[in-house]
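Dumping the structure here so I can ask a few things about it.
When the chains are written out, they are named A, B, C and D in that same order, and each has its own residue count from 1.
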Amino acid sequence: MSENKITELRQEIDGLNSEILNLLSKRAKLAKEIGGMQSSLGQSQYDPMREQEMLDAIIAKNQGPFDNATLKSLFKNIFQASMEVGKKADKPKFLTSRATREEDTVVMVGDVAIGGKHAPVLVAGPCAIESKEQVEMTAAFVAKQGVKLFRGGAFKPRTNPYSFQGYGEKAMQWARESCDKHGLQFVAEIMDGSDIGLFEEYVDMLQIGARNSQNFTLLRTVGKSRKPVLLKRGLSSTIEEWIMSAEYLLSEGNTNVVLCERGIRTYETYTRNTLDISAVALAKLETHLPVFVDSTHSGGRRDLLVPLTKAGLAAGADGIMVEVHPNPAVALSDQKQQMDFDQFTEFLNETGYHTKLSEKRNEVYGF
Amino acid sequence: MSENKITELRQEIDGLNSEILNLLSKRAKLAKEIGGMQSSLGQSQYDPMREQEMLDAIIAKNQGPFDNATLKSLFKNIFQASMEVGKKADKPKFLTSRATREEDTVVMVGDVAIGGKHAPVLVAGPCAIESKEQVEMTAAFVAKQGVKLFRGGAFKPRTNPYSFQGYGEKAMQWARESCDKHGLQFVAEIMDGSDIGLFEEYVDMLQIGARNSQNFTLLRTVGKSRKPVLLKRGLSSTIEEWIMSAEYLLSEGNTNVVLCERGIRTYETYTRNTLDISAVALAKLETHLPVFVDSTHSGGRRDLLVPLTKAGLAAGADGIMVEVHPNPAVALSDQKQQMDFDQFTEFLNETGYHTKLSEKRNEVYGF
Amino acid sequence: MSENKITELRQEIDGLNSEILNLLSKRAKLAKEIGGMQSSLGQSQYDPMREQEMLDAIIAKNQGPFDNATLKSLFKNIFQASMEVGKKADKPKFLTSRATREEDTVVMVGDVAIGGKHAPVLVAGPCAIESKEQVEMTAAFVAKQGVKLFRGGAFKPRTNPYSFQGYGEKAMQWARESCDKHGLQFVAEIMDGSDIGLFEEYVDMLQIGARNSQNFTLLRTVGKSRKPVLLKRGLSSTIEEWIMSAEYLLSEGNTNVVLCERGIRTYETYTRNTLDISAVALAKLETHLPVFVDSTHSGGRRDLLVPLTKAGLAAGADGIMVEVHPNPAVALSDQKQQMDFDQFTEFLNETGYHTKLSEKRNEVYGF
Amino acid sequence: MSENKITELRQEIDGLNSEILNLLSKRAKLAKEIGGMQSSLGQSQYDPMREQEMLDAIIAKNQGPFDNATLKSLFKNIFQASMEVGKKADKPKFLTSRATREEDTVVMVGDVAIGGKHAPVLVAGPCAIESKEQVEMTAAFVAKQGVKLFRGGAFKPRTNPYSFQGYGEKAMQWARESCDKHGLQFVAEIMDGSDIGLFEEYVDMLQIGARNSQNFTLLRTVGKSRKPVLLKRGLSSTIEEWIMSAEYLLSEGNTNVVLCERGIRTYETYTRNTLDISAVALAKLETHLPVFVDSTHSGGRRDLLVPLTKAGLAAGADGIMVEVHPNPAVALSDQKQQMDFDQFTEFLNETGYHTKLSEKRNEVYGF
C-alpha cells in the first residue's frame, strides 16, 4: 500500500516539476528583457542591492520546510542562471572560448604556422643570451637541425635581485642578427610594458613569463601590440586563471596568442614543477588557441625531456619548448636542465622530430 | 520610460519568485513524506534512477530560454535540497557536528580533562621509545615539569621499510612502568587493528597517525574500543575528510575523540609541513570535539615550536603536542625537531605554560 | 699582476683539491672496513653518538674561516657519503631499484603479461560491483572488446562512513563467476590484511588503494602473498614514498608489483586530481616495475580519458585503468567519470586500442 | 677483538677528520683571497668554467671507493661553502636579513609606527573604493573606532578582464579627502610602475599585491620611491621568494618595507587560501622587517577573522589587515569576506583590540 502511495506522491511531484519549470522559464524571459533594457541604458545587469531585496522578500514569506539558508542558495542559483541567459543573449562570450569560435586559431610567426592541423613546432635556444658567440653557435646549430623558432632571454626574471638579469638590448641585437642569418624567428620574454617598442623592433614573438602571467598591466600593453604572444601559465595559476590572462590579450585586440603549460607548483620535489598534462588537453577543449608544452621548465630534469615531450604531443600540444646551450655546465642559469648539442640531437631522434624532419621538412613537424 | 518599464517587470518577477517559493515548499513537503515512507520500508532515499527519469521529463518539456544543462543543474539543486529536508527530519545528523551536539565534548584521559573550558593540556615525550633508560629519564623529567600526558612511539610508521620500526611491546612495557611511576597518561600510536588488545592493556590514549587517517578498517576497529583517541589529520586530508574520519570513530560508538592538526603538505620547503591554523578554528566551529596542535610535526623546526604553540592556543586549540628527548642529536628518528630538556624548559617559559604552572597546577593549563 | 696571482693561487687550490680527495678516499675505505665489522657483529652502521663526538672534535679544532654550522654540514655530507659506500658494499640495494635489477620486471596475471616489451594492457570495469547483473553485463561487454583484466570494487574505501561500502564477499563471488565465464582476470582492492584469505580465493590481482598506500601493515601482509599487486600512488605521496611503499612489498618477497599513478592532490579544481605524468616516466627510470596510469581517477572527467590515456602511453605506461558501467548516471559511486558502453567503444577507437585489437589481438596491446 | 679493531680504525678516522679540516680551512682562505682580487677586478666570483675544470681534474684522479657522482657532490658543497666564506667577507649580506641588521626595523607611516616594540596596528577599509559616500562612511566609522590606517583599492587586479577594475584616480581623490578629514593614513595597491607619480601624490603607503609579488620591474620602481611599502606574499611564493622580493625593494634604497602574509594556495577548499602562520614567525626570525597578517584574504571567511587575527598576533605579527564595508552584500567585490560596521565592532571586541583601545589609545595597540 505504501508503495502505491509513493507512486501517487511521485506523480504529484512530477506535476510540480512541470509547474516549476514553467515559472522558471517565464522568470528567465523577464530577466532577459530587463537585462536588455539595462544594457541599452548603460547599466550593469548585476545589481546586488536588488538581489538582496528579492532574497529578503522571499525569506519573509518562507513557511518551511526549507530553512532560510537553503532557500537563499536555491534562489541565488536561479538568479545567476537567469542572468546567464541574459548575458548570452546580449554580450559577447569570452573571446578565448571555443563556444565563441569553434575552429582552431592558427598563429603565424613569420612564415611558421602554429596550431590547427599544422604539425607541432619546436622552440629551441638557450635560457639566457650570454654572448654574441653563444647565440650564434646555438642559432646556427638548431637551424641546421630544422628548428624554425629560436628562444633566448635578454631580460631575465630572477628571484634574487643580485642574480644575472640578462644583457638587455645588446642581447636582442645579437639574437636578431643570428636569427636573420639562419632564417629563425626570435622569441623572447618581455617583462615591462615600457619595453614594448624595443621588442617590436627586435623580436618576432613576445613571451609573457610565468611570474608575469597575472601582471594585468603588462597583459593589456601586449594585448595592444599585434606581435604574436606566447603566454606561459603562472607558477600556480588555475587553468581558468590562465585562460582569463589570455582573455586580457584578446580583449585588447591581439588574437595571435599561444598558451604554454610549463608545470605547476606542487608538493613534489623530484621534479622542479609538475607538468599538468590535463591542462594541455583542457586548454585545447575550452579555447581555440594553440597550446605549447615547455618540457624544460616542467620537469627541470634532462632525463624527462623526451617522455614529457612525447606526452605533451600525445595530449594534443601544438608545440614544444626546450633549452639548448653550447655548454650547459657553465651556463649563467638553468645549468641542470639545458641540453648540449649532442643531447639535443639525441632528443630529436628519440622524440621522432628528427626522423620526420629528414622526410618532410616543414610538413610533418612544421620545421 | 525604460526605467518605469523595468520597475514594472521587476514587480512581475517578484510575483514569480513567490509562486516559485510556494511550489518548491510544496514539493519539499511531498519529498519528505515519500522519504519517511521509504525509510519505514527500509529503502534508500537516494534513487538515482528516479532522478534520471525526472530530469528526462523536465528536459523533454524545456522550451527555453534555459539550456538543458542549466536546467539540469537547477533541478539537481532542488532535488538535493528536498532530500536534505527529508534527511534532517528522519535521520541522525553527523555525530561529529556541532549541529548534533552544541556543547563541547570533554574527553577524559585518566583524570586529565581535555576540551571545553578546561585549560589546554600538553602532550610531551620522545618520538620513539628507544630504551628503558630513555623513557624513564624523559618521563621523570616531563612529569616534574607538570606534564600529565606522555607520548612515545612503540610502533613507528616509516616510509622506508628498512628504517627503525620501533621496539613494539617491549617499548610499551617500559613506558607503562615509567608512566605509572610518575603519574603520567601514556599516548601511543596504533598502526594495526589486530594490536588493539595490546594497546588496551598498556596505553591510556590511542593515537591514529597521519598516514592511517583514512585507513577505514583501523578507524572502525578503534571506534569499537572505548579508549580515548587522538586522531591526526592526514598528510593532505581536507578538513572535511579529517572530520569524516572522526565520524567513523563516533559511528562505531567511541565518542572520546580528540582531533589533532599536524600540518599539511604544500609546496613550501622551509617547513616540514604547513600548519593549517584555520583548520584548528574550523574544526572547533564545525565539531564539538577537542582539537590539538602538534607543534613538532607541523613545522619540523625547533625555532618554530614557541610561535606555533602560541598561535595554536590563540586559535582555540585545547592542547599541544611536542617531542622531547634526552639527546635529540642521537635519536633514532626526528633528530632535528625534538627538544632536549633545557630547550623544553625554555619552551615552557616562553609559551607561558611554565609560569602558569607554578601558580595553579592543574587549573590554568591542565597539568 | 692580480690576474697572475689569481692563476698562482688557483694552482695551489688544485693541489689542495687533490690532497682532500686522497684523504676523503682513505677515510671512506676505513669507514667501509668498520661497517663490514659492525655488520658481522650485528650492529647498525649508523651511530649518531659517534657522529656527534666526531663533529664535536672537529668544531673544537675549528679556527676559521668556516663557521661551525658550515663545517658541520660539510662533514655530515662526508659522513653520509662514506656510509653510503659501506652500504653499497655490504647491503642489498633497494629491491625496487633499477640499480639492483636492470631488466624490466614482467608481471604475469594469469596468462596476461604486463611490462617489459609487452603491449600496454587495459584494465576496465565498474567502480563498484553493484549487482550480479551489472557485473555480468559489463564483463561480457568488455571481454568482447578484447579486454583481459576486469576491475570492480567489492570493498570500497569511502570518506563518509555512511556511504555505500561495497557488497563484500557476495560481490567477489559474482565477479569471479563472470570473469571465469568470459576469460577475464579479476582485479579488486583489498582494504584489510585480515581479508587476505578471501582475496586469495577470489581475486587474480590485489589492488592497494591510494588511501592505503602508506598502510604499512597492509603492505607487509600483501607482500607475504604471491598474488600480483597493483599499488596505487597515495593521494599526495611523493614519488619516493610511492616507490618505498613498493619496497615494502618486495622486501616481504612479493615481486609481482605493478605501480599505478592516479593523479595527485594540488590546488587545481578543474580536475579531480592532477595526473603527474613525470611520475610515470620517473618510476620507469628508477624502478624495474611496470607502471600503469589510472585515467579515470586522474582527471575525474570523461572528456579527459582519451588525452590522458594517450599521454600516459606516450610517457611509457605499461597499462591503463578505466571505469566502465552499464549506466553511469545511476551508479552508486563515481557517476561523473565512468564510461557507458558506447563511450567505451569510442574510447577504444580514439586511443587506438580498438584498431590495434582487430589486427592483432594479444600482440599489439596485450589483450 | 673486532671491537678493539673498530676502536683503532676510528682513531685513524679521527686523525683524517683533522687533516681534512686543515685542508678545507686552508682552501677556503685561498678562495677568499682570490675572491677579493676578483671583486677588485670587477669580476664575478662565481666561475662555472673554472668549477667544471676542477671537477674534471678531481674525477680524473678518482680511484674509488666514491663513485664520481658522490665526489662531484661533495666537492660542489666544498666549492659553495668556500665561496660563501668569500661572499661574507667581501659583499654586503642580504639587506633584508637579520644577520645584516639585528634590531627590528620600525616603519613610519605618517605618525604611525609599525614594528619593533610598537603595539600591533590595524589596517581597515573596503576592498574597493566604490563611491565618495562609501569611502566617507567607512573612513569616518573606522577612525572613530581608533583605526589609523585606511585601506581601499583604486586599481583592482582582477582575474577576469571584464570585472570591475576600480575607479582609479577619482577613487584616490575621494579617499585622500576622507583620510585627511579623519586623520587616517591611506594604503592603496599600485599595479603599474608608471602610476608611481599618482600614488606619491595621493597615498601614504604603497601596497604591492600578491599577483605582482614577482613583478620585478614594479618592485624596482617602488624601491626607488621612499614611500612605505606593504609587500604581500605571492599566491604561491615560498618564504624565500617573498623575502627576495623585499630584497628588490631594499636593494633600490627603500627600507620602509612591511611584509604581509595573506595565505597561500593549497589543495584545501574550505578556506580561500591557507594562512601560513609559520611564515609569519619565520619572516620575523630571518628578517628585521615588520610583518602583517591579512586576515580577510587568508581565510576568505568572516567566521575566521577573529581566530586568524589572534593566531597572527600570537605568532608575532606587527599588524593585521581586514576589510570593512558599509554593506558587504552589495559590494562590487569580496562580498563574502568583508565585515559590516557591527561585525567590525564585534571583531574589535573579540580580538581585544577594542578593550585595549578604550584604555590606552595609541599605546597598546598603536591606534
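By our rule, a residue touches a chain if its C-beta (ideal position, glycine included) is under 8 Å from a C-beta of that chain, and two chains touch if they have at least 3 such contacts.
Please read all numbers here as calculations on a predicted model, not as lab measurements.
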{"item": "Intersection of contact partners for chain A and chain D", "value": "B, C"}
{"item": "More contacts between chains, A-B or B-D", "value": "A-B"}
{"item": "Label of the chain whose CA centroid is most distant from the centroid of chain A", "value": "B"}
{"item": "Centre distance in Å when chain A and chain B are each reduced to the mean of their C-alpha atoms", "value": "38"}
{"item": "Centre-of-Cα separation between chain D and chain B, whole angstrom", "value": "31"}
{"item": "Residue list for chain B, restricted to those that touch at least two other chains", "value": "236, 240, 265-267, 269"}
{"item": "Interface residues, chain B side, partner chain A - complex", "value": "2-3, 5-6, 9-10, 12-14, 16-21, 23-34, 37-38, 40-41, 50, 54, 57-58, 61-66, 70-71, 73-75, 77-78, 81, 84-85, 89, 236, 265-267, 269"}
{"item": "Interfacial residue positions of chain B with respect to chain D in the complex", "value": "236, 238-240, 264, 266-271, 274-282, 285, 298-299, 303-304, 307-308, 310-316"}
{"item": "Touching residues (chain side chain A, partner chain D) in the complex", "value": "48-49, 51-52, 157-162, 191-194, 211-212, 214-218, 234-236, 240-241, 244, 247-248, 251, 265, 329-332, 335"}
